[in-house]
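Working notes for the structure below.
To keep things simple, chains are lettered A, B and C as they appear, and every chain counts its residues starting from 1.
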Amino acid sequence: MSPRGGPAGIVPNDPRGRVVVESSSVGNVSLLPGSGGEVADAIAVHRSQWELFRRRFMRHKAALVSIGVLVFLFVVCFGASVFAPYPPDAQDLLLGPVGPSAAHWFGTDELGRDELSRIMYAGQISLKIGIAVALLSTFVGTVLGAIAGFIGNATDQALMRLTDLFLIVPGIAILAIALKKFGHDDVTIILVLAALFWTYVARVVRGQILSLKEKEFVEAARASGASNTRIIVKHLFPNIVGPVVVNATLAVAAAIITESTLSFLGFGVQPPATSWGNMLSDAEGYVGTDRAYLLYFPGLAILLTVLAVNFLGDGLRDAFDPQSGHS
Amino acid sequence: MSEGSAEPLLEVRDLSVVFPTDEGPLQAVDNVSFRVEEHEVLGVVGESGSGKTVTQLAILGLLPTRATITGSARFRGRELIGLPDDEMRPIRGNEIAIIFQDALAALNPVHTIGDQIAEAISVHHDTTDREMRERIIELLDLVGIPNPSERADQYPHEYSGGMRQRAMIAMSIANDPALLIADEPTTALDVTLQAQVLEVLERVQDRTNSSIVMITHDLGVVAGIAERVVVMYAGRRVEEAPVDDLFETPSHPYSLGLLASLPRLDQRSHGQRLYRIKGQPPSLVDRPLGCAFHPRCEFATVPDPCATQVPEAREVGPGHFSACHHTDQLVGLTPAQLRERAAT
Amino acid sequence: MLTYIARRVLYSIPVILLASFLLFAFVRVTFDPTAKLRNSREGAAAVARETKRLGLDRPLVEQYGDWLGKFVQGDWGESERTHDSTSAMITRALGYTVQLIFWGILISAFVAIFVGVYSAVRQYSALDYTFTGLSFIGLALPPFWFGLIAIEFLAVGPKQWFHLSEPPLFFVGLHGTGETGINVDYFRHLALPVLTLTVQIVAGWSRFQRASMLDVMSADYIRTARAKGVPRKRVIIRHGLRNALIPLITVMALDIGALFGGLIITEKIFSIPGMGRLFFDSLVAGDATVLVAWTIVVALFILLFNLLADIFYGFLDPRIRLS
């Protein structure tokens, strides 16, 4: 009996999941051109894919912190009716605008409304729109991109031409015009933004599917008689889950910034509904005055949210594909 | 011919290379020793992961800084391990040159072949433009590239696979290095191209009288061109012998196994399965105690000594060393016999 | 190479035609130039007259054809808001926007390339982490917010805190009253808008350059260069950067194209009468004539720079240039 109780270096099959030879767990050595392959080959450690993913993700401190931050933001914003110190439209005209104080941590606006509470309620709209846009555009984009990439030929060409058109137009401008036409309520904003965002997702997914199609394991599957559906479901989808999830996460960030920008310009969420963006447009005139504090907090809220989402996306990207270089 | 008593061109002693990884330290090269004499062709044989490439890269200081390198490598009496980069540079590409495996990846796609060869020369010598041009054409011609003056101004992707490999050879011999390290130069090529490349290397060696270290996993290549052979396994040297001795009287179970598993046209093996060495190469992070090969070895005695003591290299014949506890059991055993034993 | 360019150009023509038609239709459908007349004294009669005059009762495709004919001849109509010549307005606005773009990308390119290369070559160093952190922040920064904060802390703030007679950096327009030309006043006006514009761009480009450089530096040909004895700095620049710049230049060209229509926020905050400002004013006023011309001009620029990106790529990479 060899001292390890089995052929050296090989751990018994993990009963929990698919067994994959993890050569990239050699970590840094995979960056060694040429000899990396032969060194990596020498390490045949079997682990389940999910465990690998978890390990890699846990290494990404910023992403872990970000999850915490996002959970916090969600709870605070969507639970505003519980957590907010004041109702968002409670005016205190006698008080007027005051800077941050013990009673009002973020100060009040010119109608005496508590900024902190307003920011929490406004967060509901900004976050809701951000996520909805990301989900919708990712869903549509993935389906269309995958179909186009997989079928190829005319369908693919048609999709490419269509997305080309979208990519030529100036984004914010078109969105602004569209919102002017179709209205400014939440659902419309979501639909309009998603109508633009899906094109980016579609192109990415299409690209992925195209490159995957060429890979040998697809040929092998076909050669062993797998049907198209089986190929799509068992072979292609698992491989695009990574980029799709990462993309969707980053889309949330992009959507939040886009909505804020449009609202700031006055083309997005309209008063009396508040989102972080239009809170800032109200505050625009206060630069250089003693009410400038009204500028800081909505902007910081956006910054914090987007930063957290981006770190999360980065951590997910590293966890799905460690070869994409350190963050 | 090797001159055993004179100072070797390259003397490697107890060279070890360790990489830090997530799984723990990875010992890519473990106390490897060998020498390369002047004007000889040394074959270095082993599977992927045996450490054969890493050894050579360590000698030239081309490993990433996180690698820990210990031991000694003396080139013309001068210690190379630990040499600072700016003292190493005049040696690289000048006195010691490497020919890499995948010529398409190893050549910069945005510079012409001529420019890349010129660079190999200009970083070490001053020449006039004319001399440079002449030298480039001379080199391309030496390696058998047709229309060298046109070809010199072309880009790597415009060459065919075999031509590219030869262009790499041309680039590496540009400064007449005393030691040429060829890292699997034929692996990516088909058989006819392999023969061409080997022929070029032989021609080069005739012309320049340099020594060649030929790294390969292909025993056929070794038989064709090498004078002496070092066999590596799991980062260690397991056998070293003159080439004929290795093929006729291999003295290590691994070498025996390798030779036995070569399909032979002259055997009446109809109905007989191909021999293979059982098991898999070990993890370099988690290597077996004692002899690295023992889990796969037919002659191993466990636990003692094969699983407890790392075998030292013992001389089993003139210039023939083997790192095995049971070399006496292997005396006279041929690969054919090994095959027969396995078949029964 | 020439066929490659020709093919790309030829392909672009139907794209721009289709895009311009769609944009035309989209704007026309969104804005009704006769809306204001509905409430005028003459009411319906005025509406009918204007409709006839502007040809709004004809099929959309016909209207487009008509418009296209005039457009290519340089007649872009009259602004409904200012009654100025649309082409004159757009040309003037372009003048301002181009200045911002020019300075912005000049600075961004230098900084991004330097940061990207440094971060890749000295990966995991303290400065690399710092740069990475800053890029993340830069990418997450809402541009409109940064502009306002910049004004607060770099212009208005210092003026108040240090009791200056005027802010150290200006934030309205590109020149003070009466000033022209490229002088200190000009740069004091440029500083903040260009800073705002640069922050986002640099963040994206430097991350991209870092990734591209890391990719390239782990390539086999880098190892070959070192094995030849090439000095480190030369390896980084002649072998590394030379290859890593190719994709970056493509990205840069695309981003520049997008900037022509993308400076709406910056120009609004800093009161610069460029394309962005023009769009904003026109949209608020519902000035369809200008909006149509504006969107199509911007689309043309985006298309042009897309083309340039492809051409540069083909030119810089001999594998494409010579096939």
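Here is the rule we use: a residue touches a chain if its C-beta (ideal position, glycine included) is under 8 Å from a C-beta of that chain, and two chains touch if they have at least 3 such contacts.
Note that the structure is a prediction, hence the values are computed from the model and not measured.
Colleague: If you tally C-beta pairs in contact for every chain pair, which pair wins? Let me know.
Modeller: Per-pair contact counts point to A-C as the maximum.
Colleague: Using only alpha carbons, which chain's centroid is the nearest to the whole structure's centroid?
Modeller: Central chain is A.
Colleague: Distance between chain A and chain C based on Cα centroids, please, to the nearest Å.
Modeller: Chain centroid spacing, chain A to chain C, equals 24 Å.
Colleague: Could you give the separation in Å between the centres of chain A and chain B, each centre being the mean of its C-alpha atoms?
Modeller: That gives a centre separation of 48 Å.
Colleague: What is the distance in Å between the mean C-alpha positions of chain B and chain C?
Modeller: 55
Colleague: Which chain A residues reach two or more other chains?
Modeller: 31, 33-34
Colleague: Can you tell me which residues of chain C touch two or more of the remaining chains?
Modeller: 219-220, 223
Colleague: Note the residues in chain B that touch 2 or more other chains, in rising order.
Modeller: 100, 102, 105
Colleague: Looking at the complex, which residues from chain C come into contact with chain B?
Modeller: Spelled out, the residues of chain C in touch with chain B are 219-221, 223-232, 234, 238-239, 242-243, 246, 316-319, 322.
Colleague: Which residues of chain A touch chain C in their complex?
Modeller: Touch residues, chain A against chain C: 31, 33-34, 161, 164-165, 167-174, 176-178, 180-181, 253, 257, 260-261, 264-267, 277, 280, 283-284, 287-288, 292, 295-296, 298-299, 302-303, 306-307, 310-311, 314, 324-327.
Colleague: Considering only the defined contacts, which chain B positions touch chain C in the complex?
Modeller: 60, 62, 85, 89-94, 97-98, 100, 102, 105-111, 119-120, 123-124, 155, 157-158, 168, 171
Colleague: What residues on chain C touch chain A, complex-wise?
Modeller: Contact set of chain C toward chain A: 15-16, 18-19, 22-23, 26-27, 29-31, 123-124, 132, 136-137, 139-145, 148-149, 151-152, 156-157, 160, 211, 214-215, 218-220, 222-223, 258, 260-262, 264-265, 268-269, 279-280, 283-284, 291, 294-295, 298-299, 302-303, 306.
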